[in-house]
Each structure stands twice: as C-alpha cells, then as structure tokens.
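This is the structure I have questions about; it appears just below.
Order of writing sets the chain letters: A, B, C, D, E and F. Residues in each chain are counted from 1.
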Amino acid sequence: MKLHLSSWPEVEAYLKTSRGIVIPIGSTEQHGPNGLIGTDALCPEIIAGEAADAAGFLVGPTFNVGMAQHHLDFPGSMTLRPSTMIAALQDWITSLVRTGFDRIYFLNGHGGNITTLNAAFCEFYAEYSLRGEACPVRLTQNNWWQLPGVMDVCKKHFPVGEGGHATPSEVSVTYYAYPEAIKSVEMHPKIAPSGRFADAADFRASFPDGRCGSDPAQASPEAGARIVEAARTALVRDVAAFFAS
Amino acid sequence: MKLHLSSWPEVEAYLKTSRGIVIPIGSTEQHGPNGLIGTDALCPEIIAGEAADAAGFLVGPTFNVGMAQHHLDFPGSMTLRPSTMIAALQDWITSLVRTGFDRIYFLNGHGGNITTLNAAFCEFYAEYSLRGEACPVRLTQNNWWQLPGVMDVCKKHFPVGEGGHATPSEVSVTYYAYPEAIKSVEMHPKIAPSGRFADAADFRASFPDGRCGSDPAQASPEAGARIVEAARTALVRDVAAFFAS
Amino acid sequence: MKLHLSSWPEVEAYLKTSRGIVIPIGSTEQHGPNGLIGTDALCPEIIAGEAADAAGFLVGPTFNVGMAQHHLDFPGSMTLRPSTMIAALQDWITSLVRTGFDRIYFLNGHGGNITTLNAAFCEFYAEYSLRGEACPVRLTQNNWWQLPGVMDVCKKHFPVGEGGHATPSEVSVTYYAYPEAIKSVEMHPKIAPSGRFADAADFRASFPDGRCGSDPAQASPEAGARIVEAARTALVRDVAAFFAS
Amino acid sequence: MKLHLSSWPEVEAYLKTSRGIVIPIGSTEQHGPNGLIGTDALCPEIIAGEAADAAGFLVGPTFNVGMAQHHLDFPGSMTLRPSTMIAALQDWITSLVRTGFDRIYFLNGHGGNITTLNAAFCEFYAEYSLRGEACPVRLTQNNWWQLPGVMDVCKKHFPVGEGGHATPSEVSVTYYAYPEAIKSVEMHPKIAPSGRFADAADFRASFPDGRCGSDPAQASPEAGARIVEAARTALVRDVAAFFAS
Amino acid sequence: MKLHLSSWPEVEAYLKTSRGIVIPIGSTEQHGPNGLIGTDALCPEIIAGEAADAAGFLVGPTFNVGMAQHHLDFPGSMTLRPSTMIAALQDWITSLVRTGFDRIYFLNGHGGNITTLNAAFCEFYAEYSLRGEACPVRLTQNNWWQLPGVMDVCKKHFPVGEGGHATPSEVSVTYYAYPEAIKSVEMHPKIAPSGRFADAADFRASFPDGRCGSDPAQASPEAGARIVEAARTALVRDVAAFFAS
Amino acid sequence: MKLHLSSWPEVEAYLKTSRGIVIPIGSTEQHGPNGLIGTDALCPEIIAGEAADAAGFLVGPTFNVGMAQHHLDFPGSMTLRPSTMIAALQDWITSLVRTGFDRIYFLNGHGGNITTLNAAFCEFYAEYSLRGEACPVRLTQNNWWQLPGVMDVCKKHFPVGEGGHATPSEVSVTYYAYPEAIKSVEMHPKIAPSGRFADAADFRASFPDGRCGSDPAQASPEAGARIVEAARTALVRDVAAFFAS
C-alpha cells in the first residue's frame, strides 16, 4: 500500500490495523559511469514497494535528496546540509505522528545519510525528553543492504568488486526496476580505488569517476531481481517486528 | 531525460547543450474521498516526465512534501513548515547551481506551495543582492493547470464541479497514470462547499471530506490523458522559452 | 486609535469591545527619481491611520522594512531575508495573540511582501495544525491599492503611466501626507519600461532609475487625497467584516 | 533628512558627503497608566528627527518592536525574541552596508534592547572576524537619556519619581510631540515600587500597573520640550563624532 | 560539590536540599603575552570550585568557549557567534531545569559574554512570557571581579596597570591555580593602550600584543591566592542569597 | 601542551611545527549509581591530556555537554539538541581553522555524540562543497575505547560486566584521575540489563539505575591507570598519523 496512491479514508482504515509506516530515504548523487544518479533513492523505494505489496504495510513518499555533500563535484548531484535535513525530517516525522502513526521505519539507501538521520531521531526524541514527557513514537533506520541475508546474495553475484559506492549490487537493483536505463560503460580501472574522503573536491580527487572500490560493469537486472527478492523478504520480517515492538 | 535515471557523464553531456532543469514540486496531502494523497506531487511528475520525453530536457527529483499544514486533520497528510521548505529549497537550488545549472523551472502541483516557493526564490536571490553580486541564475515556477490551454481542456471535460481542491482534473491525471489506484466513491454532497480556511481544524470543519468546491467522482483516466497531453505540449514550449531566457 | 499613542489600560478597554488590530506593513526601498524610500510603509500607515480615526479600530506599529532584495542596488534600500521576515512576523503575531488579539489584519503596501507574508501566516497556523489544536486566531492581508474602488480612483487620475512600481498613485498618497517631501524630477523616458526581474543587479539593469512601467511625475497631493479617501472608506468596511468573521 | 522621505538620488548625493546613518530603536510595550505604548520607539524617533533637521544627517526607519518579553502581561505589549531581533538587525545592518553606509548609530529608547543590540553587533562583526577580513563598518548604540546633559534636565524637572520605567521624562517627551495623546491618570501609589524582574508574570506581580520606581503623573509637554532640546543638541555632537571616527 | 564528580543519586539527594547550581562561564581567547588562553574560563572555574568546597553548593561544567569574536586575530582564540551561544545556553538551562534546578547562577569570567548571556536569559524567559505561563526559574550572572570586595584586593596588589583585558589580577588567579603555567614575558610598552574595538582586525590593530590597558607582568600566584580568597568568600554569600531568593 | 594553559605566542610557535589540535568531546550525563556525571567528558580529557604531555601536541578545551537527551530523566544530566550541537561545533571548528589549524581530532567519550559529531563534520565540509572550493581542513573523531589495544586492556580487567554505559572501564578511568570521587555502591542487579532505547522516559524505564549491561562496582583506580596508559599510547600514534595525513 503506497501513501501516494491511497486516499485518506484508506489511510484512516489502515491506521485501525497498524500505526506503522515505512519511509524510503535516499540521495540524489552520482553513482559512477554507469550508475543512476537516483540509485540510493530508487533502491529503497523499489524494495519497500515490493515488500509493501507482499505484506500490506504502508509506504510513504521517498525522501529523495539526502546528505551527499561529498559528491557535489559531479554533475547532477544534490545535497541537503545536515542541519536542513534534520529540520525537514522533523517536519516529516511530526506530520506522520500528528495524523496517527507511531512507528516510522526509514529504509535507507545511502551510507551518507546514516548519521544525520540518527541525529534527526535524537532531535525528535529530545523535544519529549526536555519537556519530561514520554514519547509514544519509535523511529528506526536500516540500510537495505544490511537486511539479513541480502549481502550474501550480493556477494554471491559479485564476489569481486562489490566495493562501497556505485556497487554492482545497487546498480543491479535499479537496472532490474528500470531496464530502460541500463548503461554499458567500460570501467578504468576495472575496480575503483578505495579510501576515505572529506569534502567534494577531496572525493573527486580520490575517486575520479565516482566509484569507490567497485566494478559496477558487472551489474545486471537478473542479479537485481535476486537482490530485491532477498531484501523484500527480509524487510517484510523486519518491519513486522518493528511495528509490533 | 530524468536525472534519477541518468549517470553523471550523461548529465555532463546534457549540460553542454542546456543548463536548464525542471523540478516537479507537489505535496503529500489528502485529496478527498477518491483522490490520491500523492496527487499534487504526481501530477507535475507525470506531466514533466512526458514533456521531458518529448523534448529532451532534464527533469530532477520531485519535491514531494510541500506546505500543506491545513490538511493535517486528515490521515496521511504531511507538511513542511514554510521556514523548513525555504531551507530545503535553498539546498536543492544551491546544489543544482553548484554542478552547472542556471535555469531552474519548478512545475508546481499545489496551490499551497506558491507563496513559500516564491519566498524561497527571494531567499536565494537575496544572498546575491545583499553581497552586491549579479546572480547568473534564474528561477521560475508555474502551476501545471495554468499552463496555456490546460484549463480549457479541464473545463471541457468538467464544466461543473471542477472546484479548487481534489478537482476532477487532477484526480484524472493521476488515474491516467496510475489506473490501478482508481477509486470509486460516491460524493455527498455531489459538489463540495467552497470558501477560505486557516489552520487544519478550520479546514476540516469547513470541508469535512477534504474536497473544496469539486466533484471528483467525475474523474476518468481518459480525461486525464487529454489533460496531460495539453499540459505536456504547453510545458515543452514554456520550458524552452524559459531556458532560452 | 493608535497602539503607539495608547496606554495599556486603554488597550485593555478596547479589547473588551474588539479583539482585532490592523498592522500596516511596507518596505524601505527606492521608489524612482521622485518617490520616497518609505512609500510602501507610509501608504498603508496613512490609510490605516485615517481609517482608524474614522472607525475607531486599533492600528499597531508599522512593519517598515520588508522583502525588497531586488531594490538593493539603489542607495537607501533595505530588506529582510524571507526567513528573517517570517521569524519576525511570528514574534509580532504571537505577541499580539498573547495579550488578547485574535483578528490581525495586515494592510500591505508592497507587492514584494505578499508571498512571504502569506508564508508567515502558514508558519503560524502550522504550529497549531502540527499540534492538533484548533487555532482561534485569524490572519489576513490586503494590498491597499486592491481595496474595492481604489484602483478606479487611481486610473481616473492616472489613465496612463500608473505602472507597477513607483506609481503616481502611491507617490501621490505620500505627497498628500508629506507635502514637504514633494520632489520635482523630469522622467526619462516619460514612462518607465516594464518586465520581470530576479535579483538586485537584474532589477537595476532592467529599470535603471528604479521605476517599473510608471510615470510618477504626474503625482500630486490632490490625487493622493482622493486615493486615500477611497482607500480609507473601503478599509473601514473591509476591516469591520474581517473583525466580525 | 529622513530616509523614508528621501528619494534614492537624494540618498546617493548624501552618501557623497557622509556614510553615516542614525537608526532610532525602541519597543512597543506598556508604559504604565498614562504612558504611551510606543514611548520607547517614539522618544528616539523624535529626538533623532529634530537632530537630523538641525544637523543634516540621515535618519532611517525606526526599529519599533524590540526585546520586551517582560511586559507581555500587559495588553498591547509586543516583543521579539532576542534571536529574532539579532536576525532582523543583521538584515537591517547588512542592507545599509550594502548600499554604502559604514557608520550606523542606533539611538536607543529601551533599556531592554541594550544587551541584544550589542549581541547583534557582535554577530555582525563575527562574520568578518571568522572570515579573517577587516570590517570597514562601525556600529554604536546610545540611550537617548544617557546623552551628555540629558539626565541633568530630567532631574531638574523631576527630582523625585524619575524611576526606571514609565518615567516622567520619557512620557514628557512623547507628550511634547503628541499632545493629543496626553492622558491624565492618578497614580497609586504615587511612586511605583522598584526592583528586579524575570519573565512577564514576575514583572506584573512586582509592578502591578506597569511602572517601575516612577511617578509619571508629573509628565508635561513643557518638560518634554526641554528634554528633547537637550538630547537633540547632545545627539548632534555625538553623531558627528561617531561619523568622523 | 562538582556535578562532574558526582553521581546522579548524589545530585538527587542535593536537590532535596537546594535547587540551585552555579555554572562557571568563560572564554577561550588570547590574554596577552603571558596570560593563559583559558584565563576567562579558568578564573570562574577556580573561584566557583573553591566556594563550592567551602559552602557545599553544586557547580556544573564550565561553559568554556564564549563570545570572543574580537580576539580571532590571535592564534588559539575561539568564539561562538552570539546566536549560537544563545542556542547552546537554552539547551544548558532547559536541561538543568528539566532535572530539577530552578536557580542558575552564572559566574562569568569574560566581559564579552555579558550581553549575549543576558540575551540568552531573555530568550529563555520569553518562551514563558509568550505562552503566558509563569516561569518558576530564576537566572543570574555575575562577573567574578565585581563580587563585593574583590576589586579592592585587585587594586591593592596592582594599583597601576590593572587595565581591562589580560589584567594582572586575572592572570594571577590562573597562576595561583596552575603554577606550572607561569610565563615570564617582558611587556612593551609596560602598560598596554586602552580604547574601544569592533572586529578582530580592529582589535589587533589597536592592541598589538593582545593586552588592553594592563601590565600583567606583575601577576603572581600570591596575589592570585588573595584574589581567589576574596572572591570565594563573596561568592558564597552571593550564591546563598540568590538560591534563597 | 594545553590550549587553556598556553599563551597566544606559544600557540603561534606551535603552529609553525604543527597545524593539528585534539579536542576532547564528551557529555554531562548520569553514569549509574557510582559513575561520575562528567565521565564521558573526563575520560577523553584525561587521556588526551596525558598523551599531549607525552607527545607534545596541543589539546583544546573539552566540549563538555553533548547529545544526551536519553539521560534526562536522571538528575544532573544535560543535553544539546543535535541541531544546537552542530551549530556550536561549526563555530568551534571555524574558529580553530581561522587561527591556523587544519587538522582537528575529536577524541570522543560518548557514544551518543558519534552521529551528531559526524553530521557536524558534514555540515562544515558542505560549505566548501556547495561553494565549489577545496577544503584544506581535515576533521576526524575517534572513541577513546576503540583506540587500538584499549579494549583488550578493558576486557582483561573486566571480562564480565563491561556493558555499554557506565562501564567499569570508564568509571575506572575517572577514579584513577579523581580518586577523591570514588564511590562505593552495591549494584542490583549485579549486571544491568541491556537493550535499545528512544527518549528519556524510555531509557529510564529500561535502565532504572542508569547502567546498561555493566557492573561498574568493579571499577578501580588501578584498572583506570592501565586503561589510560594503553589509550594514551595508542592516541599518540593515532594523532601523529592524522596530523601527518
């Protein structure tokens, strides 16, 4: 069930059975020579969408521009400052709580979001803690690639060159869902360098084509289908447990 | 061409031919008994997507939660505070400018966004104006239903009961694109009341089922197809003129 | 009755008869070769002041620096960023509500304020909407030149060259109230160019002497008197209706 | 010369002779049983206006709502939060600097503004200091009643009951300029209590009719004329010294 | 009793006897050729620590980076912007109030903090005043050198060259507590210049070695011991009076 | 070398040999029945201080109140909201960069700080990335207990009951440095429960005496000495590597 495709009476009915919602959260940022700029938003959107179809839980709109300051040297990348992202998430969460939700599960597609998203949760809880009021809401985040069993499937398909950014796994997930966007690009070097980074200039200097440690030329819609299948199954279980917590 | 389905080298190539981008901007809010909560985000996304396919311009991610405080008494509605929305738009715009864009066209799907979006433009320009630096960027917004010729098509299909919120026209656009989400609901009264509103409690008191002046039971995917066709054509022209300005 | 010339016991007595107040809101910005920099603040202050004398309602202090970023290339112009203006208006409104007012009517003198002022209203309402509390306060804004009948008088006096900024009508209103500030300046061209603008550099490039579409050399205190008379009469009616709403 | 009554070419000409401006800054707050709510804004406005007429310097718009949280238990009082006031002053100062001013003299009428106004100055300077850039601008504030010689005149007229808030001196200044607003009220007790305060409830508990240590029933337009005369003379000298610094 | 060396059950027990706490507040900024960068934080920390040992009241953590924008041209100086300092102090105060304190005494070591600290108090009170709720909390600040009797001791030891920044008295206090940090530096000129300042560049231009009006070469741990003794005694009395207020 | 005990000429000299600084960052929060409220600030302060003495690098002031909203149900706990903490850290970092530092190493003592501290780093880098300027500064954070070899020592001393909050290891570190603050308390149960938490009420409900999974009754100054020794040695190496990066 997708919030954007539902009417309010349908949501009202849903809330009588569950007060939980899943929010895909990603980023709009370069993903190397053949990866989609929307990869990190699309992956959790795809996985959450299939899981919702399977299990009947509600999926909200995708938080589609995240914290990606380090990618800004590549055309088409976008970022929120962490302070802006915290403010926007406060409004998203507060709105959802206002109309009846008390379990909000963020399915995350971007490593760069993790800390700011957690900070936003603390910002939300802090309002209650500082007022001395018990907060009836629970927030959680999980990266789709860390759902139980998912990384096993990824490694099976891509034992070499999975890397950390613009991975063949995440590119596969998007190729599975958007085959019209498949791009064939030769990678030089085959496996990108790895390492740490600070700001956008530093990132680009270390990772000239945008990849980190990966060989996404291996990506395929078939692998994507398997990964999504594994992630969807795991997500259904994880969400059920969280909503019941 | 969609930013989320493009790679950064594709965007780099695009920027050599055009420095313009279209951002669909909408809202996540109740749209009456049979309208989709995502209506205001989906409509500009659908229209911009088709126009982009036809004309080759670039469409960015949809700004999908807008200023909808007055809808918060209906389940599933979400809002940004105006101050948060201005901050988020600053980051979106600044990011796009940073990687090479200088014409940003917001195709808007929600009346409640208009003033805050304009305020955000002024916030962006003010940074240049206060520094005494000429701003090379131009920002514009247009409501899809006010593109030349669109309202004529809407009125032809719905001479009665178009109204102002949860209109048969906007519901038709979403039914055209998402036929699986069509909902059949009887409306009482047939045409909803009209009027002004302030906060969410006030809105709900005046518009108990969420519609304003409309009869969206008339909505059909066929009408939606015609409206999208008219809007797409007009948008292609409008965007071309803006990018060339 | 003017708040600034009243004592608190007088306001306490007034609040027993009415909980409404009128706030003139304007701008401090260039108004062409012969227009006053305070024009947009002075006009609503003059009109509200006369209407208050006639009808006995309360007028608060003038919000005298508004959103005028596009005028900053002309000496003496001042602006608030939209985000600052929203914050300041929150404090003004919250203060007035705190001491007993629940109908606040902003009489606006500057087109550039409209969207930010509306965004500020939404910011105020959003606090209630997000808390799920009914807001007992109503806010409204009206431009003095759009009060019923006013533009007719303006057009009668200035059938040609009214334009959009530094209009003969607004300059006349200030000349009527401040005859000591009348300035005689020849305009070249007689009627200023019209068009759109973005930031301050863009505005100055398009409108070199600060006027937009107008010939304010026609301004006269006599015309100002007529315009104020029409506006005052219309305002008294409009305010009464709003306070009674 | 008043900014609000000047045209931009007049300000341009003025800037060739001086880059200084005076900003009256006050408050909108109760001033006891017979004092005007606008007292703290009107006093510096009146004094700066007369001094400007005498000496030819430029006076900007009055910053008319200040930091007056402790008065909010009295009808008609208004406040900015300190953080809002700092933000607004940043925009005022930055605007003035942008169009050519580099000496900004705040003539203050409200003790409650002093610390926040100073914090705002530091906020402005800090931008330069953190960037490592020399700031060409100088900001200063002075309370009109502390200009050399003014308190002598006040004490001569009101040897007893001057007090600290709603003083006969400040009330006299407004009565001199606005004789139509003179109010005759008996005070009980004749001299109000003195002491410290925290929030609005605390203030009202300690100072039930709003006065602190004063007997403003003594106020007269004649005394006001003398005080303004002394203040105007002192201000002319003080401003000249500051502009020349 | 020091908060940082206490357990929460000890604080719980303390709160049954007193709801007051002392917060040392200082700055991290240059203090001339022989003064410690931590001087303004260390002095109130030392004095409050000794007084707490003597009298048994509770001392919280030191707010150790303050408003010192004017010192940023000297290595090792740090500042908070006033707006940041207000926000941080809100959180400190709100936290303390949340867990049971209602009298918070800031012992200040830095003149540059005074106005921003007062603005922060007003920001805190304003929340209550705008809500129309009586605030049960009282906040106060005092500079350690202005505690009764302290300046007499300072003047006795340093009749000449006390000055205003990097004074022999404050340097002595730190030398007393940290004899390992005593530095022997010849001063040229013996007594530093005095005067006003704006931003960091202006400060350094006027005070090339960082001192203002002082000769801190006179500093000694022996003088420091006397000063601390006087300050400690006075503080015990002042805190007791405030906690009992 | 400690910034607070240095003079600015000493820092100037230091900057000729190194542009790096270490900032201890902790929290002020309950640490169970026998742990110090300052534990998380004191531990990194102690370790960094000893390492600085050994290796000669510079240690700045301790950021002593962190993100601890979940502890606010225990007396004496304090928190910054994440958004405030980001703002404060921006000013700390910007100040240090302003006066010459380009490697800032945060030695962290509190798990709750990690995400917000990382978000603050991103906020800092984002300013450069959005401007399109290469950032010359590098920021890093490390938890003292995760320095190479430290946990081995902890586990050797406390094979059982180390837990996650109010651990015997951290309590030992503070007991080593502040033997006067050693507290003897019996723990019930011996080992505290483990688990997750959200806001302060939730934390207290799950962890009634404030400990998580630990038995800090085992803490001893002797163990603390060993742990500090291990941490100091590791830190010297880690800092050297970072400063040389």
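As a working rule, a contact is a pair of C-beta atoms (placed from the backbone, for glycine too) under 8 Å apart; a residue touches a chain by one contact, two chains touch by 3 or more.
These figures come from a predicted structure and were not determined experimentally.
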Query raised in the report: In this assembly, which chains make contact with subunit C and also with subunit E?
Result: A, D
Report summary line: Chain centres from averaged Cα atoms put subunit C and subunit F apart, in whole Å, by 54
Report summary line: In whole angstrom, the CA-centroid distance of subunit B from subunit D equals 47
Query raised in the report: So how far apart, in whole Å, are subunit D and subunit E when each is placed at the average of its C-alpha atoms?
Result: 30
Requested in this report: Would you mind listing the residues of subunit A that make contact with two or more other chains?
Outcome: 72-73, 79, 81, 87, 91, 95, 98, 129-130, 132
Query - Pairs of chains found to touch, sorted by chain label - result: A-B, A-C, A-E, A-F, B-C, B-D, B-F, C-D, C-E, D-E, D-F, E-F
Query - Touch list for subunit A against partner subunit C, complex - result: 91, 94-95, 98
**Report entry** In the complex, subunit E residues that touch subunit C
**Finding:** 129-132
Query raised in the report: Hey, which residues of subunit A end up touching subunit F in the complex?
Result: 67, 69-70, 72-73, 79, 81-83, 86-87, 112, 114-116, 118-120, 122-123, 125-126, 128-130, 132-135, 137-139, 198-202
Report task. Spell out the residues on subunit A that touch subunit B in their complex, using ranges where they run on. Result -> 2-12, 14-15, 28, 30-38, 41-42, 60-62, 64-65, 72-81, 84, 87-88, 90-92, 95-96, 98-100, 178, 180-181, 183, 185, 210
